[in-house]
């Protein structure tokens, strides 16, 4: 299964009392279908999976699969524990996810040996198409290219890689693994077009939760309209992303989403509401 | 409750099949009592709490409390989720822990506002003596001195701070909060005596899982034998710690512990066994 | 003056006794002309300017200008001292350089205010076309986009920016300043095509001292052959760069240059010769 | 020659026009003698040596030696160039300095091999008592303990080490080289007492340019008054240092010095004057 396109790392909408808001999740899926994303990635970092219990993650995934409207569902099964990733992986497979997205364990900083054992154990136990997820700024270690190579050669289940390090030098090196059966996605919205210029298959882009600029840039590039793609990247996507990052991640994303869809949403602890300054900055952007 | 002395951040012994080994846990507690540690800290980073399920953590804590032989029990209740820390805190209180040790949430990098909300929510929900635990290299953010100040002034339950950043400049600044009702512990074995020289109340020192050098240094310093304390620090503790850190944390600690007590122990995934080189380095040290 | 193309940050060839080797400098300039670079940048980091005296830098620049064969000469006038940059700038202007390349002062980590004062003082004193040079990994601080904006609006002499941070997120942000009178160059060989995809005017690429791959990639991209440009980037440029960076910068570059042109060259202190392993790695690459 | 005590890394006073102010330098030396510092270290980082020409550095050193009033003079001979360090070292020896202070070359990030060649070449050429100066945050690389060991065993001229990394773990490791013929100095004011607790011979402390707290703490510790030393460290030195570091280094130090001695001083480019906020913060501290 080779995937190309834009994937949305889905937010997990919350109600004012902090519980998951399934009505708003449905609205989000409907919006994503309408703007043309290829797939959705629930239970990722943008979805704040570390704030959810195992049971919440499973229930949320099931809801997304039931309401996916033909979009691919890539299920996040990351955890600080190999055992939990296995449990989540088996559930996702049974629930009908199209593929899994697996990251190294975190908190206890993993070495390359630990990364390898984790992927080996989870993939061998679950046996399902899997994307490697590299996000060293949150996991504490990056997956070295030599580790990527050994994982790919050892597991035919690995069908791609999501690269969110924001380090284009690493990304550029990883592109050596790209091929007809292996997809590489850029996980940073502001690096989408630079990455596609060296062959990336698309992006996993958080802005799509409330904006279609990224999809437009992808479509322009795919149609050979390089200057238009470049213009959308520099003039639309980058300023929007910068403004959101000035405020705190992930609060700014959640505020933007709630605002866009007029949802009275909540911020599960330890998240805090956006400051008044942060709110007016986001308001200004969304009204443009 | 003011605590002084050496606290052991306990390893969680595993059997070869990866399950918790309670027999060896009993041996460890007996050893710790014999060398004179003041308290034990189960379910901390050295205990690899992120590799344990909620149920395992609770059961392990209960066992430690039942077998604490008069040593204080400081229960680690860290989690990536505020809700889980609350659940662990309530359990630890009911189970009879002497105090809780609470860190910021991790993976999703917390800001100072998120750190504050997390501590506020957990402490208000649990209401039990609590140590603040600063370990920015694993949580992704340090607890700024101004945040420490606000937490202390807002919660009479906070009775101390465990500082594991290895940044003595930060430690030196934090010492302003030391007082008759507030204990400050150094979490890095190699910084114990420098910290006590500016008033630290002791250390939370991982080497005590298989060595008594740290306790000896603490006792020498407390008895006014500063040169002896300094000598143990520089000539005994530091080389031992360096040798362990050359090999991977935490595998080297677990190997040293299993070796010291002739335990046939295991390494729960994603941990990997120590390399042959690592093993012989540890062997050499332990035989000195 | 708008410049597009590939610029070579020139090595400063040394004789075995450590003195500058002008014969080899002539050979290098001849080679650069033959492969089609647009301009040369003597006295940059690749040229090891901090190891040269003020007098050597001036004499070397004069030689390059005299032997530039129609290539543009962008003179590096970086220094840890504003006064020295002014002196170098006046000399370069008088000697006939086409433009200057100015970086922040270094060693004493500059703030944005100090960066601004340095650029203000040098540009106002010298009055010559100038490129801003951002290289935070060596200067200790990056030139914030807001500082770039203020410098551009304050000095009509500023005609472009050389960006060597390897941070594509920053590069992507800086692209907002691109325009018909303002050139932006990528300073990292492995980020050339990603940068051109969002509008960069070319690159300042060290590999051109002994390889023409970068020029080929630039020409392919400029001719609309995007896939060929991408292929040269990923399959030719990146592996070559990685192999050189495994060995020490700058020794590997100097060894590769001496080898390519069969020069018996030297390594001025504190440079050291490449290890045997490093040499054979470079040999293998150059023979491909 | 074994040195113990507090050394002052001297500021280089400037006149309003940016030239060196020798009258104020005389006042500074007179003050340093009066508060009891053991030695002075001109042409160090605090003295902003990278902003001075070779000729200024030599003339300034000569003035300090002529007016040293019995204090030891440790001459800073750091440079980005081995050749310049040799030239400065020969001059300092001839001018009568008591010892030299030599750091790795900087800007071009040195490896351990380059660090070794630099020290080898300078010490062999100059042949004069020398302190190794470790300041990785400005030089780009730290001097590994194994490199320190090789340098010491290779050069009997090396009589000590100034350690300014602010990394107490490194400092603690370096203490293994302390001995009757080898002095180790802490270069960070806020780490003085922690360092003396494990055997440091004193400190190279910038606050002494306008405050005697550091000397008082050193004297208290040396007299066995550990609690008093600790109190001065935590209650006097640390808050003063923090307040200065909130404003920009080195401008805050220069402002504090000018203010203390009612000097109408200058800020050589690229330095900028302290902001109004910075000034009032320093004013408040100095009036305490």
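Which chain is which? They are A, B, C and D, in the order written, and residues in each are numbered from 1.
One rule holds in what follows: contacts are C-beta pairs under 8 Å (C-beta built on N, C-alpha and C of every residue); 3 or more make two chains touch, one makes a residue touch a chain.
Given the structure is predicted, the values throughout are model-derived calculations rather than measurements.
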| item | value |
| --- | --- |
| Touching both chain A and chain B (chains) | none |
| From chain C, the most remote chain by mean C-alpha position | B |
| Inter-centroid spacing, chain C versus chain B (mean Cα positions, whole Å) | 49 |
| Distance between the centres, which are taken as Cα means, of chain D and chain C, whole angstrom | 34 |
| Per-residue overlap in chain D, given as positions that touch at least 2 other chains | none |
| Overall pattern in which the protein chains touch one another (line/ring/star/complete/other) | ring |
| In contact (per the touch rule at the top): chain pairs | A-B, A-C, B-D, C-D |
| Chain C residues touching chain D - in the complex, by the definition given at the top | 45, 48, 50-53, 80-84, 104-111, 113-115, 117-118, 121, 137-138, 140, 248-250, 268-272 |
| Touching residues on chain C, where the partner in the complex is chain A | 166-169, 172-173, 175-176, 188, 190-191, 193-199, 226, 230, 233-235, 238, 242 |
